[in-house]
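Pasting the structures here.
Next come two complexes built around chain A: one with chain B, the other with chain C.
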Partner chain A sequence: MISSYIGYYSLILGFILSIILLIYSIFCFKKNNKKINQNIFSILFLQFFTVVLSFISLIYSFIVSDFTNETVYNNSHTTKPLFYKITGTWGNHEGSLLLWLLVLTLFIFLFIIFSKKQPTKYRLLSVFFQQIIICGFFLFLLSTSNPFNLLFPAPKEGLGLNPILQDPALAIHPPILYLGYVGSSIIFSASLASLIQNNINSKWAKHIKKWIQTAWFFLTIGILLGSIWAYYELGWGGFWFWDPVENVSLMPWLCLTALLHTIIVLEKRQLLKSWTLILSIATFTLSMSGTFLVRSGILNSVHTFANDPARGVFILLFLFFLIILSLILFFIYQEKEATPQKKFFLVSKETSILVNNWFMMYFLSVVLIGTTYPIFLEVMVDEKISIGPPFFNKLLIPFLTFFLIFMSLGPKLNWIKDNYKNIKYSRIGLFLICILISFYLIKNTSTEILFTSILGGAALYLLLTTIREFLVNKHNISQTISHFGFSLFVLSILLNSLFSSEISANMKIGQEVIYKKEQIKFLSLETHKKENYKSVIANFEIIDKKKNSIYLYPEIRIYNQPNILTSEADIKSTIFFDKFLVINLLKGEEIFNVRYQTKQFMIWIWISTCLISIGGILGIFKRL
Partner chain B sequence: MRIIKIILLIFFLILSFQKLLIANDNSMIIDKISKNLRCLICQGQSVYDSQSDFALSMKLLIKNKIENGESEDQIYDYLKNQYGEWIVYDPEFDKKNLILWAFPLLLFIFGGILIYKKVFIN
Partner chain C sequence: MFGKKVKLRLLFLSFIFLILVLTVFLILKSLEENVVYFISPTEIKNLSEIDSKEKVRVGGMVKKDTIKLNQNEISFVITDFKNDINVIYSGAVPNLFSEEKGVVAEGYLKDRSFFNADKILAKHDENYMPPEVKEALEKNK
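Moving on, here comes the complex of A and B:
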């Protein structure tokens, strides 16, 4: 009860501070002081503190199961383990928005500390723009999604958290993803500030690059965690479904990746200023629309757990406001081309980065239209269509092949101007050999052999090129690791999708099935009782060709509050394959549907994504 | 010498192709079709991935139809008639979906022109 009051009023205080900051930063801006007024630091810190306080009070309400708080009542239960009581704080709409706000205030506070070398006016303006966003989120939270609504009389017991959210990976997935999303807000604010101050130059690029890399790193890891969770929790062995909610997290990632490359051109050659700005604005807009699309419930998706259409309207209006504001600023302040444009040469690093952006924007447009088109079609002509993996595969994979080839050539080129002759014939030979290798690896598995072997060959080629780069040329390790990771990523997805196999059978205890020379024995069944669920654990023995046996323990959980049945897969990972087994209850108590899958190179998908993001984090610490 | 190698490569490629076109059995086609169908009673799952009654009966239906010698397209057409376009994950290439298919490709061409202009006309 008390904690709800504390939380609520500190939110209001934070909102007031936000308005004060809006006015005060403009006031300081007009005064032309050399240094930033200390008060700005103090108020920013105070604001961060109010949100932290508010967040802690919400966590506290969850821990003590204070059901006078409506959010707690809707999403918690006394029998839930403490860990999930805490993580349940951001497993719902109100709490997750409070987390958004927390990260927003944290980032601007860090930004102002770490930008001391930048011009004062630029920093003040960044604070101003970030406060506009923060102000909007405060308003959103207080008016439509207050986490501290009180219930009277207090209910005895809460409604509980959706069991599939009660999971360690999903506990940290939202905070990490938000660090990425919200990180893009700083890039947005800083770009607008820089635009007005006419400050877009290589010094600025160098400074904002660290923030781009930070946001990008968290976004990558955030998406990875979501995929890993989907892999073992949703229980059908896939890790990416081209589901709308996944797509909305991929869109800012694609845009940010483009920005990550463009900013280097700006840093090294002072080119592509407007394009950098557009990408910064677009990245944040996509992050915001992501939140809008997920939270409004427009999307038909497995992941939409908490949503409310009325709230969508607010985010949508706010989004339009921000877009229009940035567009107006863009057209007013866009630098008139006084100096003659520097030239781009066909064979040069900057052109290869342009090519990267070209493909990134194409991938983005495919994901964007694939995600939003069904919504428009339904609204306009009232027809429902589904857009799934076949659509994305058709439009993405052919282009991915070329992208991989450019990726192996581009980084080797020099700035300004390079020569065709530096591309040696031996490389073409190597490329053909790669295609041949991949062809022989996969010739018996695919139906579209030509496409697949060229794609595999291109990925293999990139892999070899980056390994060579790593050995010969050590000056750009972060890039080499990321690119190596990407080639490994494409290869492992390809091999995974081609070689994975599965069998589905209905089995009783004691029965066995033989599949591809493997014996699958259903040995026994045990029942356990936990605090918030009843669990049925099966024991399977898998005996392979060489008579080695492994045991798998898939589980069915019957949660008490809410009353939901979930299947927990059991997975044994090795470096070559995952053995994945999941059971489902069929009618009656005795027969189970058993799905046994061998997923080749699964672990390499996770490892390669980690490598991609490690490249990003190395970039941050390079020459700090 | 290099030319001979390349010719050999191409020759091998074509040779292996012949073998491939034959290797295709029913279960592969069933999997392919069911991956492309939305399980109507589930949330965001394909028929292939789902274990619901709907999905199971759907897989049986596809199997029967294939054994009766119907082609992939015939099966899709049949299902679209029964359940509407919503059931297939692969949107059709027709007038109403024109923007869907054309937008990314047009954007790609447009981007290409922009880059071309930047590099060659300056």
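Moving on, here comes the complex of A and C:
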């Protein structure tokens, strides 16, 4: 009880500090001091501290299962293991918003510490814009989603956390993803500040690049974690479903990736200033709308635990406010291209980066349309539709081929002006060899053999180019590793989708199924009693062509609070393939629905995504 | 009429515009081809003609005592309390597939009373009812 009071009042205190900061930063801005007033640091720290305090008191309420707190009551249970009591803090709407706020205040505090070399006025303005966002989130939290609502009389037992969320990967997925989302808020505030200060130059680009890389790194890892979780927990054996909830995290990622490349042009060539700004605004807007779409209940999926229209309306209004504000500022302060026109040449590094941006924008618009069109149609004509993977695959994959080719040529070009005649014939030869290799590899599988081999060839070509780059040219390791990771990513997805196979059957104990020369035997079944669930573990033996057998132990968990079944797939990973087996109850506990999959090169999808993000982190530490 | 520079720029702009139009056309076209409509058993009864090549989603409640199994197939009846449709499916089912629970099946209509499903959708909450299903059920109460 007392912890809820502490949490609530420190939130209010934080809100008041936020308003003080709004006024005070403008006051300091007007005064033209050389240095930032020490008070700004103190207030920012104090604000961060109040949110931390409030967050800790919420965690405490979860740990001691204090059911006088409504959030705890709705999402926790005394029998839940301690680890999931703690992670349950941000496994719900209120707690996760408090986490947003925590990261927001943390980032602006870090920003002000790490931006000492930048102009004072610019830093003050960044604080001002960031405080507008923070203020909005405080208001949102206090008015529609207070995590510290009290219940009286206190219930004896809580409702429990959705069991599929009781999982280590999903425990850290939201905080990491939020670091990425919120990181884009700093980029947003800083861009607006530097727009007003007319401060968009190389020096600024260099400084904001670190923040872009940080946000990008966390966003990538956050999406990866969510995807790994979906792979083993949702029981379909896929890693990406083009589900709206996944798409809303992919959209800011695409935008941020475009920004990550554009900022280099700004740094090196002082070009594309307005475009950089638009991208920063768009990235943050997409992050915010992601939160809006997931949290408002418009998307029906795992993530919507509570549907409350008031919340949606608030975020939507706030979002509109921020967009309009930034657009107005953009049009007022946008620098007229008074500087002597710097020329863009057709064959140059900046053009190739611009091409990257066009591709990103195309991918983004496809995902955006595919995600929002069903919502739009339902609102307009009350027709219910869904858009499945074929739409995205059909529109994205053909362009991916060109994208890969540009990706292997682009980074080699020089700044300002290069000559296309520098592209040697040996390159074209290598490219053709790559296509032949990939044709040879996949000739027995696909129906669209020509198209797939060109795609595979392009990915292979990029792979070889980046390896060569890595060996010959060591000065841009972060880029090389990321691009290498991306080519590996495309290749492993391609091979995965071409060679994976699956069978499902309804089986009793003792039965066996033969599939593609593999014998699948259902050996036995055991039941265990666990802390907050009953576990039914099956034992399967898989005997392959060479009479080697492996054993798989898929599990069904019957949770008691709330009363939900989950299937835990058993996965045996090797470097070439994953064996994936999941079972489901059908009727009573006799016949099980068994799904057995062999997923080729699955582990390489995860490894390559890690490589992509490692490239990002190397970029941050380069020449700090 | 125009200088060389202006001409070049105009050419460039119209090129960009053309690409934009093409992109939008491409997206919309493939949107049209890949949309999956959601229908209820009652709506199926009232359909004027059945297109067995068009993918649709059918939603409702799994009727009591209708799940039948053999090694490869599952058959059951989806109801919206007014009309029923028989579903045949071979494949994996989600956790919460059981009798008297909401369900959404994706596949092709054979005729007005038979549906070949190739996917049963997973929803992970015991109280959760896909909004489409909820609405379809409410309409018929």
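The criterion applied here is as follows: the second predicted complex is superposed on the first by the 619 of 624 C-alpha atoms of A that agree within 3 Å, B and C clash if a C-alpha of one lies under 4 Å from a C-alpha of the other, contacts with A are read in each partner's own complex, and residues count from 1 in each chain.
Here is the rule we go by: a contact is a pair of C-beta atoms (placed from the backbone, for glycine too) under 8 Å apart; a residue touches a chain by one contact, two chains touch by 3 or more.
Treat the numbers as computed from the prediction; the structure is a model and nothing was measured.
Upon superposition of the two complexes on chain A, a steric clash is found between chain B and chain C.
In the superposed pair of complexes, A:Ser365 makes contact with chain B and with chain C alike. Contacts of A:Leu395 after superposition on the shared chain: both chain B and chain C are touched. Residue contacts after overlaying the shared chain place A:Asn162 against chain C, while chain B stays out of touching range. When the shared chain is aligned, chain B comes close enough to touch A:Val355, but chain C does not. When the two structures are aligned on the shared chain, A:Glu383 is found in touch with chain B and with chain C. Shared-chain residue A:Asn584: touches chain B and chain C both. In the superposition on chain A, contact is made by A:Ile564 with chain C only, not with chain B. Of the two partner chains, chain C is the only one that A:Met507 touches; chain B does not reach it. Contacts of chain A with chain B, set against its contacts with chain C after fitting on chain A, overlap at residues 236, 300, 302, 362, 365-366, 369-370, 373, 383-388, 390-391, 394-395, 504, 584, 593, 595.
The part of chain A that touches chain C in the complex is made up of residues 162, 164, 234-236, 300, 302, 362, 365-366, 369-370, 373, 383-388, 390-391, 394-395, 504-507, 511, 513, 562-567, 582, 584-587, 591, 593-595. Within the complex, the chain A residues that touch chain B are 236-238, 241, 243, 300-302, 341, 343-346, 351, 354-355, 358, 361-362, 365-366, 369-370, 373, 377, 381, 383-391, 394-395, 399, 425, 429, 432, 436, 439-440, 443-444, 447, 449-450, 504, 584, 593, 595. Put simply, chain C touches chain A in their complex at residues 23, 26-27, 30-31, 33-38, 57, 67, 69-74, 90-98, 106, 122, 124-126, 130-132. On chain B, the positions that touch chain A within their shared complex are 2, 5-6, 9, 12-13, 16-17, 19-20, 23-24, 28, 32, 35-36, 38, 43-46, 49-51, 84-92, 96-97, 99-101, 103-105, 107-108, 111-112, 115, 118-120, 122.
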